[in-house]
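Letters A, B, C and D mark the chains in the order given here, with residues in each chain numbered from 1 onward.
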Amino acid sequence: MMVIMKKGYTQDEFDGILRRLGEIGLGGHPIVGVERTVIAVVGHIYPELADELETMPGVEDTVPISVPYKLASRETKPENTVIRIGSVEVGGTSVVVMAGPCAVESDQQVLETARAVKAAGAQILRGGAFKPRTSPYSFRGLEEEGLKYLAAAREETGLPVVTEVMSVRDVELVARYADVLQIGTRNAQNFILLEEVGRAGKPVMLKRGLASTIEDWLLAGEYILNTGNPNVMLCERGIRTFETATRNTVDINAIPLIKQTSHLPVVADPSHGTGKWSLVTPVGLAAIAAGADALIVEVHPNPDRALSDGAQSLNFDRFRMLMEQSALVAKAIGRSVGPVEAAAPA
Amino acid sequence: MMVIMKKGYTQDEFDGILRRLGEIGLGGHPIVGVERTVIAVVGHIYPELADELETMPGVEDTVPISVPYKLASRETKPENTVIRIGSVEVGGTSVVVMAGPCAVESDQQVLETARAVKAAGAQILRGGAFKPRTSPYSFRGLEEEGLKYLAAAREETGLPVVTEVMSVRDVELVARYADVLQIGTRNAQNFILLEEVGRAGKPVMLKRGLASTIEDWLLAGEYILNTGNPNVMLCERGIRTFETATRNTVDINAIPLIKQTSHLPVVADPSHGTGKWSLVTPVGLAAIAAGADALIVEVHPNPDRALSDGAQSLNFDRFRMLMEQSALVAKAIGRSVGPVEAAAPA
Amino acid sequence: MMVIMKKGYTQDEFDGILRRLGEIGLGGHPIVGVERTVIAVVGHIYPELADELETMPGVEDTVPISVPYKLASRETKPENTVIRIGSVEVGGTSVVVMAGPCAVESDQQVLETARAVKAAGAQILRGGAFKPRTSPYSFRGLEEEGLKYLAAAREETGLPVVTEVMSVRDVELVARYADVLQIGTRNAQNFILLEEVGRAGKPVMLKRGLASTIEDWLLAGEYILNTGNPNVMLCERGIRTFETATRNTVDINAIPLIKQTSHLPVVADPSHGTGKWSLVTPVGLAAIAAGADALIVEVHPNPDRALSDGAQSLNFDRFRMLMEQSALVAKAIGRSVGPVEAAAPA
Amino acid sequence: MMVIMKKGYTQDEFDGILRRLGEIGLGGHPIVGVERTVIAVVGHIYPELADELETMPGVEDTVPISVPYKLASRETKPENTVIRIGSVEVGGTSVVVMAGPCAVESDQQVLETARAVKAAGAQILRGGAFKPRTSPYSFRGLEEEGLKYLAAAREETGLPVVTEVMSVRDVELVARYADVLQIGTRNAQNFILLEEVGRAGKPVMLKRGLASTIEDWLLAGEYILNTGNPNVMLCERGIRTFETATRNTVDINAIPLIKQTSHLPVVADPSHGTGKWSLVTPVGLAAIAAGADALIVEVHPNPDRALSDGAQSLNFDRFRMLMEQSALVAKAIGRSVGPVEAAAPA
């Protein structure tokens, strides 16, 4: 950490900083520049230190040097994390597509969708049983009944299931049915839920918060990793900006940036990221080209009769076209989409 | 709701919309304009309808007409909600100041601060026992021990206590000690927590989410009101914008706008809203001038030794000055600050 | 336009709106809904009408129905605009790459870069002679001398030149040397410059403003189109959001959205859009996958000695790799990159 | 400046940085921390240095230490700048109110408004003759005819005139009529215009750009100051955020922050900052409480017939009420509003 002194600081103020650093076992190295004096702080710095020093007289500001996340950093673990979910691998060479309805509505709807997306090459089934809704008057999901429908569809199709858990009180229940636990954007900094989900031992898909910086997001992942659960995938689903022509703004830059700074797999959600079905395919392809390890896409048998987010859902035909184009784009950057053919036994 | 038709829509598409509206018991009134045809939808519209219609062929977009919150709206309840917390009233003529340390650190720290802020005119004691922290490596609060210190300080000073609850599993515990339950910015759309806190029966202070629009925020309040708990106050604590010179951007416009559109009291938090102690007083005064019913301010005996957010805490002297100036600004707009003198008995 | 009446409006207020609409030759169709009364306004609506009506008593709000841009809309002109610059076509099947240094520094630097990017498949040479710089103390470009170097490089390589014009007083000068006039992000709503550049008769590349919505941006394009110049290409170069890990946030959603709503070609600038050379290639590929008609990329012989934006420039080797990968991604979506092979003469 | 080295940098890379710094006459002081090595750069740093160093191998990032503006900084000039415009002083003890119509429409409208706002205590007349409009189809002002009406109103009322100049080609013309030249938000980073206006020698009111950070804004002011013109006032008029319930978001934090970091006077524009007349008074009062030196307010005889921004204009009665309340709030913080009574001659 660097402590930037005010112009015109007094010797007493300067000595006070060094004395405080000494008290807490840190070294302070003054550097007198042309315009500013700076004190470089060396030692094991704790998160509250910046706040403490910024209130001391003579201090203009502090500047962090180290990144605050450790376990999520590629400096800590240079090789990619590959998450195994049954026979599926997220974070490996092949791009994985997760697909299904925004909200689970009926056993028939889930099953029909699961069959269709599997036939098109999807490897994981998504579907919401607990739905966070901005308005208390919206449909909030079938809850455990919905989880059962998802499990039944897995039974038939073999597709593992990713579904959201909204509250610490439901973690145990959802973990009983799901293969991957999803943290939604509105709970992206619900730290107690993050830890509880981490401890459930299943892979976690952590959506980025609407207002989370990339650093906030990696720190949220750190909460999960810190419970001893290494299987965290980060899902870019759009951030909130001034642009209102689309529901959110997909931060495409974040995909390669995270691949460079972290070893965790990155998923992209073009359905929530755009809010318009006509943009899902081009933005999904873009995410693959930018290096995403997986896509998560909303698919519904009849988007115009969906109980949730129909406007951003693909129907089966459009999903098939997305899969075909995804395979071509993945190939262009040296990857594939979908199940890797099993090697013949030796 | 208005359904805007695409240019060049077909008669079939048009008939399809009207047929669908009929099926669900809604009326559709077409208006043929110079550039566009629009269908006005009349009847009891449900939240999912926009999404459903936007996927139908021939539809360009839909436009809502009604506000989606009902209980929070001043149209539903024209008179101000006044919340009684012991002898304190939030939302009445007098501006209430809540003050105390960001994080509870010791019984001594809380008690000393409670005495000082009471002496200066504060009416409610604030302090964090459960602390949401961006990094898992930061100090996260004393939990129940902290709640006990707050209760002890209330015992001695008579100041009611507002403190944050971070998880459904702690609602019962926190409600046992606190007079007002605070929902923090990171849980502003944790809908299950909102309902659980609503059912606890105590007044709730709902902080605005970092990325919550005013409509999102009022809808979050609606979740609490919808449990039958009418005592919701809304706390503007800064939103996330591109500006990084301050921790957040206080949305001063939101204060009078909410006072006009809702009957709920508005609190302003200039400490988190700015992140810098030197800005707390001017922004706090601004909030009063804009119509805030209360301020919540961080005060610490030694801000440079605080375990949390020292850089935004006032020391006792600066808090006294804030209180003196607040009283003058409140008077300028026909209000007062602090306890109203009891009228002499007749 | 829809006029939404306040709840509890009076008959007088209602009549007043209809009378006013009548005075200005517009029709007003009232629709009485369950919660709201709305007046649909039919006729030739002018831009100021919303503001006028919103101040009238009884009016809650107005809602526009038509898009405010006309010439830029695909509804007005369904087929793609293809812009011809010498033998290069922007907006056709082939994706065009524009490349060169951020700032022109010397004749040698420009020429060397022009040769290298041409060899790698670039079709247009970019380079800044007039540089808008946030600080008055930064290098601001070689001005006319820089234009001459660009022209000389065109002379030798045959690559047409795109370069920025910052002021109405320089339009004539820049237009004498350049093949495409660029409007930079800071002048994206400098309406007088837009018109002046439009009248110069050359193709214009209009960068999106840091805070321009897609609608603002199309309206800025409308200023140019309205001068009679049809050759406008829109360049997505990142918007300003709360994320600071990258210089800007590339709005990838905007690329397919504009292709759907407008006939104008879309260019993507991953160099300014990310501010980091290591992100330029993945984000450039993403833009192609999303449907961009062209890329504009900063290339410098020695990025670590560049006078401007070195941190976001590719060196020659990295640019060659970008071109190779671009060709593969373009092919995956049925396009090509670079010069189309001339058909053999019959 | 601090150069942060990557983990695992090589000795060669490290030596390369020091060698480069030596070549350009700067000192480099390495600090080896527990997690990171940092090189503190000492000497006269130029703006391009960060970009250059960030591309060198082994460098993770650079961190600036000094603020990039000099002339605008309070460190350079500790005492407040007070700008004299005729007998009016902006930046002194008294808060100045500038008022008038958004757009000049007729001699009668300007004169009537000038008389009304003067009678209420305004000291400067505002009015737009050149209007930047998002759409090319909106009313763009009366241009020189409008300037003449403003001058005529000054003639009669004695109020100095502030009006916008949109283009370098109009600076001389506008400066002939106006007392203060206004740079609008869309030209806030039109650097050539900033310099041209600076050289005109008249006081300049510089509006903040929609996406300008406080640092960007002070640097834009630096462009004007750097021409030798010390009379720059900074006008906070709202920034663009995700909130759409108001036209812009007034950044109230910016007002005291700039008063602390710069000596330049700060003006607040609650009309454009909110876009709604019902919010103008509370937000205007808030700006005074936060320390603004002046307000600029839109006033129109008949806001519902205004050619521009009627929805945010006050009528004469509401403006009088604003002035009365402003005087009370200003008094509460030890200031006054409006003309200071002339001291009796000795």
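Following the convention adopted for this analysis, contacts are C-beta pairs under 8 Å (C-beta built on N, C-alpha and C of every residue); 3 or more make two chains touch, one makes a residue touch a chain.
Predicted model only: the values in this text are computed from it and were never measured.
Averaging Cα atoms per chain gives one point for each, and the point farthest from that of chain D is the centre of A. Chain pair with the larger contact count among B-D and B-C is B-D, by C-beta pairs in contact.
In this assembly, the C-alpha centroid of chain C lies 27 Å from the C-alpha centroid of chain D.
Work out the mean CA point of chain B and of chain D, and you get 30 Å between them. The geometric centre of chain B is 39 Å away from that of chain C, both derived from CA atoms.
Annotation for chain A: residues 211, 239-242, 244 touch two or more other chains.
Chain C meets chain A in the complex at residues 211, 213-215, 238-239, 241-246, 249-257, 260, 273-274, 276, 278-279, 282-283, 285-291, 325, 328-329, 331-333.
Of all residues in chain C, only 46-48, 50-56, 68-69, 132-139, 166-169, 186-187, 189-193, 195, 209-211, 216, 219, 222-223, 226, 239-240, 277, 303-313 touch chain D in the complex they form.
Residues 2, 4, 7-8, 29, 31-36, 38, 40, 42-44, 63, 65-66, 75, 240-242, 244 of chain D are the ones touching chain A in the complex.
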